[in-house]
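So, here's a batch of structures to check.
Next come two complexes built around subunit A: one with subunit B, the other with subunit C.
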Partner chain A sequence: MIDLQYLISLFHAGLPIWILTGTGLVCLLTDGLWPKKGGTAVFIVGFLGMAVALFFAFRQWLSGETIAQDLLVSDKATRFFVILVIFIGLLHLLNSASYFRLLGKVSAGGSPAGRLGPAGRLGPAGDMVTLTLFAVVGMIFLFASDHLIVNFIGLETMSLAVYVMVGFNRRDVRSGEAAMKYYVMGSVASALLLYGIVLLYGAVGEFRLSEFHKVAIFPDTAFLPRIAVVLMLGGFFFKLALVPFHFWVPDVYEGAPTPVTGFMATGVKVAAFALFIRVLTALNYLPTAVVSQVLQICVILTLLVGNLAAIVQDNVKRMLAYSSISHAGYLLLGLSVGYQSGKFDPSVSSAVLFYLAGYSCMTLGAFAVLSVMVDEKREATQFADLTGLGYSRPVLAAVFSLFMISLLGVPPTVGFAAKYGIFSFAVKNGFIGLAVLGMITTVISAYYYLRPLVMMYFCGAPEKVKGGEIPFPLMLSLVFCAVAVILLGIWPLPYIDMAQKAATAFK
Partner chain B sequence: MEHPFLPILLVFVMAALFTGAFLGLSAILGPKKPNPSKLSVYECGLEPVGDARERFSVKFFLIAMLFILFDIEVVFLIPWAVTYKGFIAEGMGLFMLIEMGIFMVILAIGLLYVWRKGALDWR
Partner chain C sequence: MINFPTQLISLIPALPLVGFLLNSAIALAWARRRKAGPEIIPSVIGCLFPIASFVLAVWAFLTLKGMEEGASLSSGPLLTWLDVPLVSVDFAFLIDPLSSVMMLVVTGVGSLIHIYSIGYMKKDDGFARYFSYLNLFLFFMLLLVMGDNLLVLFVGWEGVGLCSYLLIGFWFTDPQKAACGKKAFVVNRIGDFGFLIGLFLILYAFGLQGQADGDPLSRSFFSYSYLAANKEWLAPLATAITLCLFVGATGKSAQIPLYVWLPDAMAGPTPVSALIHAATMVTAGIYMVARLGFLFALAPFTLQVISCIGLATALMAALIGLTQFDIKKVLAYSTVSQLGYMFLALGVGAYSAAIFHLVTHAFFKACLFLGSGSVIHACHDQDIRNMGGLFKKMPVTATTFLVSTLAIAGIPPLAGFFSKDEILWNTFLYGSWPFYGVALFTAGITAFYMFRLFVTTFLGKTRHPHPDHLHESPWVMTIPLIILAVLAAVGGFLGVPEVLGGHNRFHHWLAAVMPPSVGHEGNPALELGLMGLSTFWALVISLISVALYRRNLNWPAVITERFRSVYNLVLEKFRVDELYDALIIRPIRVVSEKFLWKISDEKLFDGFLVHGWTDMAGFSARVLSRIQTGLVGHYLLYLWVALVALLIFTVK
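Showing the complex of A and B:
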């Protein structure tokens, strides 16, 4: 007999997920029933649905008690990440809505699938909303469960949606190339991760991370979990864009439509880090001594390669791609200092959670600015395109400078508070070398973060005044990101407190 | 001690040996007297026209993908139908019916979407 109580608690545990899924289906239906002019309606429905989901996610956060029902886990950490990814999804909706209006005079409905004009057209604007909703649902499933197979299904839901979003700019051949590259590389990474999960199951007979402390590993089969962990790390490092697995990042980030790049650099990374922390915590119960060394080597490589390669880029999107690689390096640094005598202490992840929130605000803001930089049906994101922006569009240039300064980590912004948290944990736990390396690479990064400022203010006026209004949705997201960057920078304590509460749930 | 998977390895080895031996022997010992009708793709039937590796319209792929989608739906429906009686006996009949209904509705929305978007028009 089915238990009503059980159904109700399942409903409560996943309330934001159910709302988002339902909204996604309604969007699909709206878009299907009015394909000609559904775009705006779909956007409104999607935005409202996400806002409602955000409201309930906040209520769950405040209500406190942990619900673990079957395959769903709704603890403090999950709720923290749910709020974060829904925020990212909302900002992405705002960014992409105006981007497509600017880029293509795209008709709201777009062209029907299977009938592509010779010039090629942008994907239908309504589909972007639907895909965003499903991607966010995937992200939540990615970390709102302690069952590895459910995590994997979430990962695939997210990835499939993002593959399509990357190829959305059908007029631009680079967008298609990026989608193809991301799809092929992403499939390999998913296969690695899945193979690792399966081998891990073969070794311990358990898919549930929360049950790992009960399993016993026989010494003669200890090599199996080790292989499994290496494979899983490969899959994670790909999704997190860490250095041995970063080759796809610049091309994909450059080719994807600018708002989608922002979504990938924040949402995908946040979700993957959430699961990564969960997995690292569970791996404490297995004989996997190599993990901490692997992480440290990866941090060193990521910080050096990410920051040095960003210097020589001449496209701002490409530069931000390398910048996102190096930020993943700082985040991984924050995790790798949690290892004391071979065991991972999840309490250090509070600094990482705060860093993720701050990083999301500033990166989404930077990509929101770049989404405005559209010129005669093409993206104008070369460094040369920024020349004189400080005079032709002062507001835009000012907020872009703010985000650059924050990404660099200068005091009144969140970038400083976040980096300070990571480095102070590193020093406290005795990882002086890594902390020094992080500070040196931060200094190196000043070169490429300050270069746009030089281009905007000190390289003369632009040849032609590009002027133009900032569309209202983009203005909204810019203001939100800018306020968040400053607020989290000058008064970070309440948010660090939130992150600490969330981090205690990892155990 | 004998490994439990040893028989399976033996099966693989035997299979490789036998196929290799028979194919190899017939290649070495068999008489070879080719003529045009022996070498054609179908000895009896249509004459082949052109290469099989042609480019063909992307519409076929679209239809194939949609077919797989609804094929999978049936793949899930059949085991559900087989075990449904057991669920009724446990008093979970209505619950399982609603669960399957949700699944079908989601797929039906997808079908409606591709239909209205014109993916089923053969133009």
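Showing the complex of A and C:
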């Protein structure tokens, strides 16, 4: 017997998800029916589908009522993240479409590369669009439920899509290597998380985070949830790229096609953080006070290692990989200062939410710039490739400088507003030491964030003129990111307000 | 009449901004094509938006006039700019008597100068760029005068500084002109630093009161209404705050010691000199002090400093003006001198007199500058020794120039007479004989050098190498001149003092927002007497000047021979630039090079701190990257080690 009312409310609760899933299926079909010209068509279909999903996500955000429907939670927090990941997906589509077109155009110069498979094809790659859509669906499932098994399925949906995306550039052996590494390491992490979930179920007999406050813990088995939590933390730290679970990050980020790296650094991280906040809130009801210390240790390690290791990199992508590690550190700092006498207070996560939004804009923007840096059939993302970019491609260099300055956290960019929010919470809650550490490591980070500026502007003209227009989709995403970085920087109040509304939904 | 709807307030500054955006797009398009298009498009865009602003400003002014005394139009918070526990700042506009006067001057004189520029900038490569800068300037200037709090004012303050820099160095391919722009920017930066410290001190003073929490309204420390309502909290720091703010004013309004940039600012196109460096931007400091009059009234010491500096600047600049031969330089020093007068008025507590002089000065000085622009346009030269006899060639320019010269010299009944006399009278009432004496003396010098300028430029025989090429400027340039000359002639009737049977409407208009004048009630007979004295003085000096220069342009040669060293000192502008160079710039360079660079930077910071740190960081980074082998097996091992460590830590 099918309950129609139930289906309708389920439909409403997950409207953006259904739209995205449907679009993904249509994209698969389109790509299959017109394999030759399909790339562009699939891109348009996927883009429109995402835009429609974004529209409905916004409407849900504005409508305000919370719809809890069995396995789906549609509260303010979820909707905030839905909007954010769809934005990330859209920008990723724009970045990747142009990237593969550029890579194709450059390699079309009579080399045997032209005969290679889909990635060697000109134009946007249809599979990439489909994968992006399914990855975004996975991300939403990752946090849009309070049922740990649904979360896990979301995680796997997302991860599988991203594994393939990482290995998408089939001509580049590094891309394949990265996919392999990511897959092996990622499987271990997934296993950790799953084992943690199962152990937790064994200990408390509950999969649903919202029911945790009802469970009873027997003192003689209190170690069980602790082990479970550690395993789960291991899984989370892996996905969030936190030290000491970060070793895969530089290799994978460097090997993956540039836009995909941007997608991983933002989308995957945002989704994982969303679930992480939910889990931390639920863990308040378990005797796991030690979590806050684990988080703090992890913050210290991440900030130091991430920022120091970034200094010696020669490849901008690799540098940005370490940069994303250290930003994950700042985000975790924002969460770890939410602990007051062993209990996590989710309302401080408003700063983290705002930081995530700002971080996504500047990181995607930076990777969008790198996506243009394609030279002679390969990515030109060494620091040396940036030499004189300020003269040969002034617009590109200017926006890249903007994103670097924002990542560093200099006003009037969003990077400053975001860091200010995190540090001020840290100081207010009495975590002076962590705040000082954050500021010191920010100063260290100036070294590697300003280095591209030096290369672009103060190292003379480029050896050879690398001209070329910026493709339209990329221009779109660059302009969007640049405007967002400045707008959120000088007038952050409305977005902080959004983040606060979302943060209060975590309970 | 329909009342001005407050929703439209933000349109007044927004319109020039739209003009700026459109003109920048055109400028970019032209630059991309490497070919300029028809000049009509940017000129129409560039002029229409300011004129529309002006119309709105007039409408707002009339509405305000119809309301009861002390009323104001407020846009309300357009958006909350900042709302942190420390302070809350709204982006909001306020039209009260003071800002309405400023708006009328800025948009009115601004529009005229925009129109004039169409003729002056004709066939310039950067035509569209010029208009986009000029529109941007109007936008920032309107922010400055219309903002309802100090931070919006500061945004405008910095914005006009930027536009001034861009326009002084408009012909940036000439390194000398670019350097002038840079000088203006750097000197202004020093003043702005003082201004910023003043703002921080205000924040600090309110912070001391423990008002940090509560609703945003109780934290909007920078809004004028809040400042005025809670000024007693600022009282302990008032002297420090106002001195810092005044440092900002000396930068923007070219007073001792920071006036040195203004004469060099003449490198920009002449309409720019008229708009920015005579009529509007340089008066921002006067506006700011008048706006915060209630705060300055708490700091008598600061007011004394202001009056001294104003007077000294007025005298010194006037003396330098006597000796200059560049037509624009004379006017530039004259501007510095007149600004000194306004500060003198502020210092003696006569706020409305200062604003009155600001307005009339905007009329006649803009007219003088535009007139000089017209002359330069014809002669392609700025040296008055190569001019002469232009009256016949350029009758309109010469007539308007004469009217403005009479006005600035203080000959009744032209505008300058009323405003200057009010300053003199208030200085007298202030009770300081030496001040009055020096101010009167300076007024005489002003009359002298202005007539020297007029006679040398327009009368006598022409000394131009190609007298046949000289011609009157086109109508787009002469019509603004005529309008400004008329304003310079009749503008004074806005504030005819009571003793002459007037009502001093200007004073009453501002009375609601200004603290009352500090001076004592004067004796009407005495006022009339002093008025007669200053009129007589101005007339006599003017006639002497005309007589001397009509007879022989080189008559000062005898005197200058006699007092060669003094004359040279004045001619070289009291060598203030050289003094700054020797006292400040060179020591800074020496210290920078010998100590900061060679010792502090290279040895301490680079050698020890930077390389020490980076060596350490580099070492640890290398260790880290050594761990980063690239082998999945190793990575998995690390993962397990980390996990086991975590487990032991947690479960122990």
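Criterion: the second predicted complex is superposed on the first by the 486 of 507 C-alpha atoms of A that agree within 3 Å, B and C clash if a C-alpha of one lies under 4 Å from a C-alpha of the other, contacts with A are read in each partner's own complex, and residues count from 1 in each chain.
Heads up, the rule we're going with is that contacts are C-beta pairs under 8 Å (C-beta built on N, C-alpha and C of every residue); 3 or more make two chains touch, one makes a residue touch a chain.
This structure is a prediction, so every number in the text was calculated from the model and none was measured.
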Q.
Output check: A:395 vs subunit B and subunit C. Expected answer is one of first, second, both, neither. What do you get?
A. neither
**Q.** Partner chain(s) touched by A:51 [first = subunit B, second = subunit C, both, neither]
**A.** neither
Q: Have a look at where A:227 lands relative to subunit B and subunit C in the superposition and call it first, second, both or neither.
A: second
**Q.** Greater subunit A contact set [subunit C / subunit B]
**A.** C
Q) So, A:432: does it touch subunit B (first), subunit C (second), both, or neither? A) neither
(Q) Applying the document's definition of touch, where does A:244 land relative to subunit B and subunit C: first, second, both, or neither? (A) second
Q) So, does A:29 touch the first partner subunit B, the second partner subunit C, both, or neither? A) first
Q) Tell me, which parts of subunit A touch subunit B in their complex? A) 1-2, 25, 28-29, 31-33, 35, 112-115, 124
Q. Given the complex with subunit A, which residues does subunit C contribute to the contact?
A. 79-83, 614, 617-618, 620-622, 624-625, 627-628, 630, 632, 634-636, 638-639, 641-643, 646-647, 649-651
Q) For the complex, which residues does subunit A have touching subunit C? A) 180-181, 184-185, 188-189, 192, 223, 226-227, 229-231, 233-234, 238, 244-245, 247-248, 250-251, 290, 293-294, 297, 305, 308-309, 311-312, 444, 447, 491, 493
**Q.** subunit A partner contacts - residues on subunit B that touch it in the complex
**A.** 58-59, 62, 90-92, 95, 106, 109-110, 112-119, 121, 123
